[in-house]
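Each of the next two complexes has chain A plus one more chain, namely chain B in the first and chain C in the second.
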Partner chain A sequence: MRIAAGVDVGSTQTKAVVMAENGGREILARALVDTGANVRKAAENAFLAACHSAGIATPEVGFVVGTGYGRYNISFGNTQMTEISCHARGAHFVYPSTRTVIDMGGQDSKAISVGGDGQVMDFVMNDKCAAGTGRFLANAADVMGIGLDEIGPLSLRASRPVRITTVCTVFVESDILSYLAQGKKAEDILGGVHLAIAKRTLSLARRVPIEPQITMTGGVARNSGMVRALEEVLGTTMQISPDAHFMGAIGAAVFALEKMDQSFESSTWRPEHAAGSGH
Partner chain B sequence: MDFERTFDIGTDLVSDLDFARVRQWKDQHPGGAVIGYFPVYAPAEIIHAAGMLPVALSGGGDRLDIQHADARFGSFICSIIKTTLEMGLREHLTVFDGVLFSSICDSARNLCFVMKRNFPALYTDFLHLPHNPSSAASIDFLASEYRRLIQELERMGGRPVTAEALNESILLYNRNRQLTRDLYRFRCQNPHLLRAWESYVLVRAGNVIPVEEHNQLLQDALAQLPSRSGRPRDSIRIVAEGAFCEQPPLDLIKLVEDVGCYVVDDDFAIGRSWFVEDVPTEDDPIHALAESYVNRAVYSSVRHDFRAPRWEGLATKVKQARADAVLFLIAKFCEPAYFDYVLFKKKLDEIGVPHLLLEFEEKQFTFDRVRTEVETFVESLVFD
Partner chain C sequence: MADVRHTEYRGNIHQLQKELMQKWYERLNQAAETGTPHTASLMISGNCVELLEAFGVVPIYPEVNALQLAIRHQSLDPILAAEEIGYAADNCAYVKADIGCYLKGITPTGGKLPKPSLVLCNFVGCNTYVKWFEHTAVLTGSRLYVLDVPFLRLDEPSRDDIDYVVRQLKELVTILENITGKKFDYDRFVQAVRCSAQVEELWSQIKHLARRSPSPFDAYFDAITLMGPLYVYRATPEGLNFFRAALDEMQAKVAAGQGVFDQEKFRLVIEGPPPYPFFRTFRDMFAKWKACTVASTYSTVGGLWEFGARHDPDHPFESVAMHMLAQNVTNRNFLQRYEQIGRYVKDWNADGLIIHFVKSCRLFSAGQGDMRDYATRTLGIPTLYIESDLEDPRYFAEAQTRNRIDAFFEALEHSKMTATAV
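Coming up: the complex of A and B.
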């Protein structure tokens, strides 16, 4: 049995997936930690947690691919791939019919056109703007005084979603405050916020061919309100895996298995304990 | 002297916003005038033949904070327009006696007249380039514009532009363009020995020194390069296209190569060598220059010539450079480049050449997002 791992160091959370190949490919374990300020430590902790959960010793992992914005800070990785390549490959691994990936993460969003083998055909990233990202929704939740996990389900109850004039993460606050002052219901305001972001994301995604099947990945895929709003503006349903959040790490693990046999100048060093844990 | 030393000379010249070398030239040439010119198609030969120093303007880069220009231009105007005006308003251009613009885009045209209004003592001129090279009148029209320019320069105290002087200048600039072509050819064949940002610095250094000195600099570099050592890297060969006017930050060009690309051809600082062949020396050199603009000018998004469409020019460039892909480096708010992107993209899709669009601004300090985009592009080609 060959074992490889993918570590996705995102802006908000770090994900690690341990994958085995024994005839077929199988996810052995996943782990999720907050990234925080120490990116290197977060990567090690996530990797160790995934290995622990898989019941394997870290040296058993033959190849590690790092991805995400902090991919170059992973001290024990063999190589790096971008999160765009990894989300495409991860989505293809979970849903081979995937032709488009909409990835909404903590600080950026992307639309990826995916080929039949999971390769990236075309892609587009959001500009220097938080609209369409988890950060936008987190800000909206803060202004409303509602927990981030609650805003999605609450928005689903909207009967008359408000119109939002801006998708600027900073200025949407005044829109929300204005609607609160008018006595609008929280669910209608949140319904409007989710719809505005969905439209913004669709206009980004239109720059690549949007072809079925569409798979949504990234942390925001866990927000049911965002999923419904996106499906509404897309006019179709999306494939959303319970592992949507781990898709980058899954893709990285798939790449790691594929690269194991290639002649890389590989580091065999693996952390045994969490960085800074004193062991 | 080794290549690194020659390169350092170029770096110093490119990074000087105060035009120290230009001031030095002026001290050495009492009464000599300095004429700045905005990209792309400026007749530096004429300014040189008038005994003046032609200096190519290429914006303020990332070292000049905008304090005044934003009050004069809308937020939708590209960086080079604003930083050029800012340099004037912050007295970086005091060494200049004149500035020359030409019809390349609306913003550049307006900059000419904004400069005129803000700096009345500065000779500010606008050269009307013919927009239809297919017309029989184009050459005569441009020749008359060049004659008008010569009259203005002579009125400013320039020496009379004789046919002999102009032919001498043409020969010097022909040499300069030949050396630039040689440098590009060397890089295309040995991209591991000469990086794109290095050749860019060497070429751009010519903006602020007399052509005679720049010829020497390029000649030295070409002589030193073959003895440079370097190991070929596993990189894809790309053509960079779209930065014919505003220049991308040096760090961006470096990054593109660092993440797995060889930039084997580009249009950086293309205004330095915009004739693709030698300008002939003849009895009427003004006619020769005008005829060369019509028949020997490099394609760009600000020169319209349906006899030789620029998308075909790009396709030829890709083929000649044996490039795997094209990287569009387009300045934010550059209308001509964005209009042409559609035409270029259509052509590249037709001939099956992958491409990626990156937008840049003069002032850009973090490149994480761009790095991810270029890396993904490289990965999609390498791990196809």
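Coming up: the complex of A and C.
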């Protein structure tokens, strides 16, 4: 049995997946930690936690691929790949019929056109500002004083969603405050917020061919309100795995298994890289 | 750490270029201190430097000054100075850097820049030029002359378009006579036009060398180095010598099988000006992947010579007018720009297209979303669209830009691998 891992260091959360190949490929364990200020440490912790929950010792991991914005800070990875490639490959691993990936994460959203073997055919990403990303939703939740996990389900109850005219993460605050002042219901405001993001994402995604099946990945896929709003504007359903926010790490692990074949180099993991070693 | 690879063209040309540009700045400094030689501010696109050369007037290119500042990481101060007096966030950052330099007395070299004897707005393609030069004239108190060059609506300019521009060029001759106190020397003008035609031929040959694999130079990053002498010295024997030396050097590299990379992995076409404040960083992002640019639209802002256009000493005025009207990328319509890119992809054998959208430049950037669609859907060429600015460092997000570039090459690498495997 060969074992490899993918570590996805995102702006808010770091995910690690340990995968085994033994005839087929199988996810042995996942781990999720907050990224925080120490990116290296977060990567190590996530990796160690995943190994621990898989019940394996770290030297058993033959190859590690790092992805996400903090990928170059992973001290023990063998190589790095962008999360664009990794999300496409991860989505294809979980749902081989995937031809389009819509990924919504903490600080960016992207649409990826995926080929038959999981390769990236084309992709578009949001502009460098946080308009239309998870950060926008988090900000809206903050302003309304509602937990991030609750805004999605609450938005599903909207009967008359308000019109949100901005997708600017900062300016949306004043839009929300003025609707609150007008006495609009929280669910209608949130309905409007989710719809605004969905429309923005659609206009982004239209720039790559949107072809079925569409798989949604990234942390925001856990938000049921966002899923519904997106499906509404897309006019179709999306494939959403319970592992949606691990998709980058899953793709990285798949690449790690593949790269293990191509490389004689063994993992650069060394005991001194373990958490607590002073990084 | 990211795998950073520094690669640049090494040879005599870059040294020679530095010396020539230094000499140019020294002449400008001399003009500032002594009042001679006469100078004229003008724009790079479709410039009429031949006419200035006929009078011994030295060109000042505000765009060159602005980009020099940006490369030296000095553009933000003058931009902020311009914003303080009311220029908006989305105004062209070249304009703001230039205006800010006048306000703060900054120059890229630390030397002085003269008050131009003439502010000559050769309005080609970008209407920002007109306002920019009006402001320059107000700030310097210099005389302003605006050359009105009609935009290219069809494939070719009409006879009336050409006559209209020629009439203005002749009016400009009278103005230059008044400013310099010299009689127009037609023979010297013809000589300048002849010189330009020869330089253009050499430049065109250099650009065609990039069709080889490996390409002996990067037709974006290295081409930019050669563009300074191309605009400042084109109509002079010094320019001619420089481009002869450049061609010789490139040909020698081709003969020796030397390229920008020992093993060129990707061949690119780049559209749009570079992010000058992060020029080095940006270049390294491509070097990491051993990706060499083989053609670029930006290097045709001054002139589209690789497709055969030349100044013509037998029709000097008409050919200067044609150059302004039709033979530079900025005055041409979008469909022509598409066609230009298509030709590069095919004839220069490129693997991908990079579109660099410049936030503050409407001329270059408007319509690039459609261009992306055209490239991916009609040409079927992998295309990457990235955004920042050519002058304003605040618009460059390094991690995001690197991420997009890496993802683009990961996909390109994969498709090349599978194509070879088939």
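Convention: the second predicted complex is superposed on the first by the 267 of 279 C-alpha atoms of A that agree within 3 Å, B and C clash if a C-alpha of one lies under 4 Å from a C-alpha of the other, contacts with A are read in each partner's own complex, and residues count from 1 in each chain.
Methods note: a contact is a pair of C-beta atoms (placed from the backbone, for glycine too) under 8 Å apart; a residue touches a chain by one contact, two chains touch by 3 or more.
No experiment lies behind these values; they were computed from the predicted model shown.
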Clash-or-fit label for the pair chain B, chain C on chain A: clash
Contacts of A:Asp8 with chain B and chain C, given as first, second, both or neither: neither
Chain B versus chain C as contact partner of A:Ser85, first or second or both or neither: both
Touching partner for A:Asp188 - first (chain B), second (chain C), both, neither: neither
Which partner, chain B or chain C, touches more chain A residues: C
Partner chain in contact with A:Asp108 - chain B first, chain C second, else both or neither: both
Chain B versus chain C as contact partner of A:Met125, first or second or both or neither: both
First, second, both or neither for A:Glu21, with chain B first and chain C second: neither
Chain A positions touched by chain B in one structure and by chain C in the second: 69, 81-85, 108, 119-121, 123, 125, 128
Of all residues in chain A, those that touch chain C in their complex: 69, 72, 81-85, 108, 117, 119-125, 127-128, 207
Residue ranges of chain C in contact with chain A within the complex: 1-2, 369, 372-373, 376, 382-383, 385, 387, 395, 397, 399-400, 403-404, 406-407, 410-411, 414-415, 418
Chain A residues touching chain B - in the complex, by the definition given at the top: 69, 81-85, 108, 119-121, 123, 125, 128, 255
Touch list for chain B against partner chain A, complex: 368-369, 372-373, 375-376, 379-380, 383-384
